[in-house]
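The two complexes that follow have chain A in common; it is paired with chain B in the first and with chain C in the second.
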Partner chain A sequence: MTVAPPDTSTKYDLDFAKWVYENIEGGDKLALCMQCGVCSGSCPIGVQMDYGPRKLFMMIRAGMKEEVMTSSTQWNCTSCYRCVVRCPRSVPVTYILQDLAAKSAELGYAQKTNENVNFARSFWWSAKTFGRTDERLVTALYYFSFGLKEGYQRGLANLKIALNFVKRGRMHIGLPHRIKGRRQLKAILAKAEEIAKREGLH
Partner chain B sequence: MSEKKPAVYLCKGCGIGEAVDVDALETVAKSEFKIGRCLQHAALCSDDGLATIRNDVESGSVNRMVIAACSHRVMTDKFQFGAAPVVRAGLREQVAWSQPAKAEDTQMLAADQIRMGVTQLSRTETPAPSVVQEFSRTVMVVGGGITGLTAAREAAKAGYPVLLVEKTDRLGGWAAKWSARMPHRPPYRDVQPNDVGKLVTAVQADKQITVKTNTLITRTAGQPGAFAVTLSQGGQETTERVGAIVVATGWRPYDASKLGHLGHGSSPDVVTGIELEAMLKAGTLTRKSNGAPVERIAFVQCAGSRDPDHLPYCSSVCCGVSIKQALQVVTRSPKASAYIVYEELRTPGTAEEFYRQAQKAGVIFMKGKAGKVDGGRMTVTYQDELLGMDVPLGPLDMIVLATGMVPNSTNPDAPAVEPEKGEAQLKDDINPVAPIKVAGYLSGEGKAWPHIDKGVPPGGPILNLQYRQGPHIPILADGFSDSHYICFPYETRRSGIYTAGPVRRPMDMAESAEDAMGAVLKAIQAIEGSKMGSSLHPRVGDLSFPKIGHDKCTKCRRCTVECPFGAIDEDEQGRPVINPSRCRRCGTCMGACPVQTITFDNYNPQMVNAMIEANEIPDEFSEKPRILVLACENDAYPAIDMAGINRHQWSPFVRIIPVRCLGSVTMQWISTALQKGYDGIMLMGCKSGDDYQCHFVKGSGIAKERMSKVGETLKSLMLEKERVTMEEVSIADSHRVPEVVNKFAELIGAMDPNPMKGF
Partner chain C sequence: MTDNTTDKKKFTYYPGCSSQGSARHLDESLRAIAPELGIELDELEDWNCCGASVGHIGGGQLPNVALTGRNLAHAQRQGRQDVVTGCAACYLNTHGGNEKIKADVNLRRKVNDALAAGDLSYDEDLRVRHMCEVIVNEVGVDKVKERVTKPLTGLKVAGYVGCQTVRPFANTDAGGEYDTYDDPAFLDDFTEALGAEPVPFQHKTACCGGSVAVMSPDRTLHLVKNILEEAKQAGADVISTPCPLCQTNVEMYQEQINEKFGTDYNIPVVFYSQLMAVAFGLDAKKDAALHRNTIAPEKLEELATGRGEAKPRGAEPASPAAIGRD
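Take a look at the complex of A and B:
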C-alpha cells in the first residue's frame, strides 16, 4: 500500500466485479467481503504489495480492472494463509489471489509488470520437467528470462553465494535430480489439464 | 360530605423508629392539629398493622387518614381502605434513610412531614369521576394502507366495532403497489410475495368493520368515548359517533423534482424507487429512453434523506427497499449487475440477513456519497470512502434514486384552513425555539427556526378538529404526528387520537403492522378509560378532573391556551369548558389560572398553598434556612426517593412537595413561600424544549416560561433572584439529586436569611 491511488479517470469496467465473482476461484465468496481490513492487517508482507487484499477487493468492485490485474498484490502473496484463517466472512483470500495471479498471467496483464511471474514460470518448468526443482536451473532460467545481458549480470552478482552453497553441500554439481516416476507425473499433469479444460477452468 | 374523622398512623418500621422520636411526632398531630386518633405501629404494612386500620375504618371511627411511613410511591395497594382518602407522609426514604438518626434537624423535618400530610388531608377528597355521555365503543381508523388495515383487523378481533375511512377508492395504500415484499418472516433472507391483498380481503369480509372508501373527514368534535365525526362521501355528509381514533394516513414520497443535483430530470432513465417498483411489478424492466433491457443498474441511497437541505431524517426503509429491488434485478437476468451506492447502509435486526443475501447474490455495495449523477452519460460518480477516491460508475442503463418518506400528518389533497388556525398552529407546534404561547407571560419572539417551513408537510387537517387550539393533530420537529416516540409511542397531543405507521415515524410494512396493534391497544384503553371517567397515560386510573369555578373565572383564556392537550374549549360567552376525557390531569391549567379557580378534588392550589404554610419556619437567628422543593411526580420525585433508598444524604433544611407536573405550579405558591419565610425555592422537573421528557409534553416548558418572569416578583419583594430556581432531573438522576439539592442549599445558606421570616 505504498503506491498512490491509480488514475481514476479511465480504465473502469463495470462488469469486472461480476467477472471476478464468476471466474476467479473463491470469487463468489469475495462478494461477502465487508471491507473490515483484517486480511490486510494480518498480511506479513502487506507493505510490499501495491494494495492490501482489502483494498484490492474494493477496487475489483469499483471496476478498476487494469490496476487490479497488473497489481503486485497477487504475485507477492506468500500463501501464509493468515488472512484466510482470520477473515470474519470466510473469504478465501489466498485462493483468490492465487487465481488472480494465474488469470492475470494468462490474460497477458502480468508480464508487463512483475518479476515474480518469470520466477513462477521457471519454477514450474523445473517442477514439471524433473518432478522437483533444481536451484541452479530455476535460477538460471529466471535470470536469463530478463535477457542475455541482464541474466549474465545477475548471475555474476550472485556467483559468490552460489560457490559458497556448493562448498557447504547445499547445491550440487552434475545432472539435475529427478524423481523416479516422471512418466506418471506427466500423465497426472495431462489429466489435470484435461479436467481443467472440461470444467472450463481456463 | 359526612363528618371528617381523620387519623394519623405512624410507622416505626424500616428504621423510622431509630431515626426519629415518633412520640414527639404523635404530639405534633395531637396538639397542633387536634387529631383524635393517632396510632404508632412497629410495621404498619404488616397484617396486624393493616387490620388495625381496617378495623378503625370499618367501625366508622375513621374515614380519612395520614399514613406516616414510606413514600406514597410504594405499598399503594396495601394502604387503601375503601373510599377513605389516604395521604402518605413520607418518613422513610426522605427522612430515616437520608438523614442522620436522632439529629435535631431530622426530627424537625419529620415533624414538618406530619404537618404537611395532615394539612393535605384536610383539603383532599376522594374524586368523583366525570363519565362520558353518549358513549361509543367504535374505533375509527383513518387510512386503509397496511397500517390502517391491520389496525382495523386487530380492533375487530379484540371485539370493538371499527369504522375504516379511506380517502381513495381502494384499500392497501402504497403497499398494494409493490412488486414484492422485503422479508418479514424467518429466515429473513429472500424477497417475499406481497401479501397485502389477503389483508384487504380479510378486512372486507369482517362484519365488525365498516369500510368507507372515497371518504374524507370534514369535522371531528367531542372527546374520547364520544367523538362526533362528520364524514363526506362524494359530497354526502353523515355524522358518526366513535370512541377513539387511530390515524394511519401513511406517507407521501419526497418530491423528487427537488433532487436535480442527483440527476433527477436529466434523463428518463434516472428514476425513483417508486417508479422502479411499478416496472418490476409489471415485469418489464426496460430503459424508458430506448426500450432496451436494463442490465446495469445503480441505486443512489439517501436521495433527499439525511440531508439538511431536504429531509433531515433517515427514511429508514429505502436501504431495505433498494436491496429488495437490486436482488430482483440480478435474479431476473444472469447478465445483470446492480450497484448500491450508500453512505451507511441501515439494515437493523434481521434485515442484516437480507443484506448478506444480496451480497451473496452478487449485488455490489459501494460505500460513499454520490457526488454527481450524469443522466447524459448515465454515470454516478461517488466519493468512495474505502478507496479514498472518486469513482465513476458507468455507463449504466438505469439510475434509481432511493427517495424518502414525508409523513401524511396533513392531507395534501384537502384545502389548508385559515392560516391562523392551520399552518400557524403546526408551526408553533414544531418550533422548538418559539416561546411557548403562555398567555400573559409571553416572552418576546424567540429565534427564528430555519427548518420551520420544511418541517410542516403542506396540506389541510386530517380530522379537522373542532378544538379551541386548532384543527390539526400536533406534530413534532420533522413533521411527524407524535408526542414522544420513545416514551409515549402512539400518543398524540390529542387524547384518544393515536397515530401509527409512517405518519409517526418512517417504517416498513412489518413495523407498521406492529405499530397498528400498539395504537389499537391505546385506542381501547381510551375507550375503556373514558367509560370509567379515568385518565389516560400517564395518570392512568386517576378519576379526578379539573373543575372551573365559573363565578371567579375572569375569562382570561390562559387555561385554554396552555393546556398541552387541547382539552379546554370555550363556550359562546368565552368561558372555558373542560372536556374531561380529553384531559390528562396534569394541572397545567391550574398552574395557569391567575385566580386559582381551577381545582381537582384531590389536588388544588389551596391545598398546596396550605401545605407550604403548614411548615414551621425557624427564625432568622436560628441558622436553619428552609428550602421548598416542588418536585415533579413523574421523574424528579422518584429520583429523590431512589436517592434515599441508596442512602444518599442531603441537606435537612429541604421540604419537598410532589406536584403532578411543573406546569401545575402556580405563581401563588412561590409568593406564599417567600412571604412565609422560605429562603429558597427549587422547581425540579423534566427536560423541556424540542427534546423534552416532560410527561405532559409542554408542562415543564410552560413552567420554565412562567419562572422566567419570577425575577421581577422577587425584585419587587427586594429579594435576590437566585432564591428561585429550576432544575432538570430525570428518573435516572438519583445520584445527582443530593448534589443538586446541597449545592442550592449552600448557595441559600451563604445568603442572608429571607427578611420576611416571622411576618
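Take a look at the complex of A and C:
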C-alpha cells in the first residue's frame, strides 16, 4: 500500500484555532463541534461554498488560517439560521460564519471584487449617512462598486424590476428618507467604533 | 364581538426601512389590520435601520448592535410596552440584539457608552416581538377568524414562512415559543382562519437567498425557482409570506427565472396581512395595498372587490371605499 506524501504546501498556524475561539463571536462554542455535518447538510447554498461549515470548522482546528480566511464559505451564508437551530451541540454556526466574514473583511482577506463586502459597505454608507437603508442608493452604489461598465450592466439587468417598483410606489423618486437624529446617530456609531477598536465586542 | 375602541393592547411599532420602499404593502396592511385585532401601533420615534444581514460586515459588530441600541433607547422613552415589528430582519437584529444586551453586562455597558455620545441610554429590559408571534400569542387565531367578513373562499394559498421570522427565535422562551423552526403551523392557521385553503408546501421554511439574492441573483435564483415550482405544482393561487425580503425576492425574480430556466412562473406573492385586510372587508387599495404587488393577485382582487357576499359587521359599512364595490 502506498501512502501519499504529506502536502508541504499548506501552512498551518497552530494559534489560529485559539484566535477563533477567543475572537470570533460564538467561536468559544466551536470546540463542541462533533463533525456530524448537519450544518452542511442543512445549508441552502452549501454546495456552492469552497467548504461546508463542518469542514471549515475542522480546518480551523487544524490551523489552516489562510484557507479559512480566504474561503468563500462565510460569503455564501444566507443567514437562514437552519444550522443554528439544528446543530445537536448548539454551535451557533451562522453567527460564527458572519463574524468570520466581518473579520476576514476587516483584516484584508476579502478581494476587491467580493460582492458581499461591496454590498455591505454600500449598505452601511446609507445606514450611517441617512439612518435608513435607501434601497435605490444602496443598489446603485453596489452595482457601480465594480466599475462603470459592470455597474451599467448590472443596472440594466435589473432595470425592469426597478421600473416596476417605481410604478407600484415601492421605489420612490426624490431625496432619501432620513432620520432626524443623524448627528446623534453619527456620534453613537463613532463612539461604538472607538470602543470596538479598544475592547472588542464582549 | 370585541369593540375596536376597548381592549386594545399598545405596542411601540418599528416599521423598518423596507416599509418606505420595497415592502410598503406590508406596513400599510399591518397598520390597517392592527386595530381590527385589538392592537394599537405607536410608531417608534425617529427609528433607524436595524443593520439587516450585512451591517456587521460594513460597520463592525459593535456599531451594528449600537443601531439596535439607539432604537431601543428611543423605545424606552416611549414607554415600557413591548416593541413589535413586522419585518423578519428587523426582528432578528432588534430582538437578537436586545437579548444579547440583556445577557451580557459588558455589551450593555459598551452599548450604553456609545449611546451616551448621543445623550441616550438603554436600561429598561424591553421585549421585542414579531407581529406574527403577537397575533398567535396575544390576539389568537380564533380572534382573527372572528373578524372575517369576507371569507377567502376557494383561494389556494402556499404559506411561505421563510427563515428569520421563525429562526432562530420562534421556539425560544424570549421569542414567545410561538412555533417550530422547520414546520411552523401559524401561517397555514392564518390562511385557514381567513376561509382560504392552505396547500401542502414543503418549502415553507426554505431560504429564498436573502440578501445574497439581492447582491448576486445568479448564486440563488435556483432557490426561488424551487419555491415557485412547488407552489405551482400544488396549484396555489398565491404565495403568502410574512417576510419583506422573501416577498420581494420571490416576486421580482420570476421573469429572470423564466429566462434562465425556461419556465413560465407568474405566481402572485402577497403578505399574510394583505390577505387579512381583504378578509376583514377592508379597502383593497388603501388597506390591503394590493396595487403594490408587481404580479397582480387577481383572484384575491376579485374577492376584495366584493364578488363574494360580505357579512355586515356592526353598524358601520364593512368598507365604504372598497374599489369596484357594487
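In this section, the second predicted complex is superposed on the first by the 188 of 202 C-alpha atoms of A that agree within 3 Å, B and C clash if a C-alpha of one lies under 4 Å from a C-alpha of the other, contacts with A are read in each partner's own complex, and residues count from 1 in each chain.
Everything that follows uses one rule, which is that contacts are C-beta pairs under 8 Å (C-beta built on N, C-alpha and C of every residue); 3 or more make two chains touch, one makes a residue touch a chain.
Nothing here was measured: the structure is a model prediction, and the numbers come from that model.
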Three-chain arrangement built on chain A, chain B and chain C clash or fit: fit
Partner chain(s) touched by A:Tyr21 [first = chain B, second = chain C, both, neither]: first
First, second, both or neither for A:Ala140, with chain B first and chain C second: neither
Arrangement angle, chain B at one end, chain C at the other, chain A at the vertex (C-alpha, nearest 10°): 100
Chain B versus chain C as contact partner of A:Leu32, first or second or both or neither: first
First, second, both or neither for A:Arg61, with chain B first and chain C second: first
Touched partner set for A:Gly169, first chain B, second chain C, both or neither: second
Residue contacts on chain A - larger count, chain B or chain C: C
Nearest Cα pair across chain B and chain C, whole Å: 20
Chain A - residues contacting chain B, complex: 5, 8-9, 12, 14-15, 17-18, 21, 28, 31-32, 35, 54-55, 58-59, 61-63
Interface residues, chain B side, partner chain A - complex: 296, 337, 339, 356, 359-362, 364-367, 384, 386-396
Residue ranges of chain A touching chain C (in the complex, touch as defined): 25, 44-45, 48, 76, 78-82, 84-86, 94, 98-99, 101-102, 105-106, 115-128, 131-136, 139, 142, 157, 160-161, 164-165, 168-172, 177, 179-181, 184-185, 187-193, 195-196, 199-202
Chain C residues touching chain A - in the complex, by the definition given at the top: 17-18, 20-25, 46-49, 51-63, 65-67, 69-70, 92, 104, 106-107, 110-111, 113-120, 163-164, 167-168, 171, 181-182, 205-207, 209-216, 219-220, 223, 252-253, 255-256, 291-294
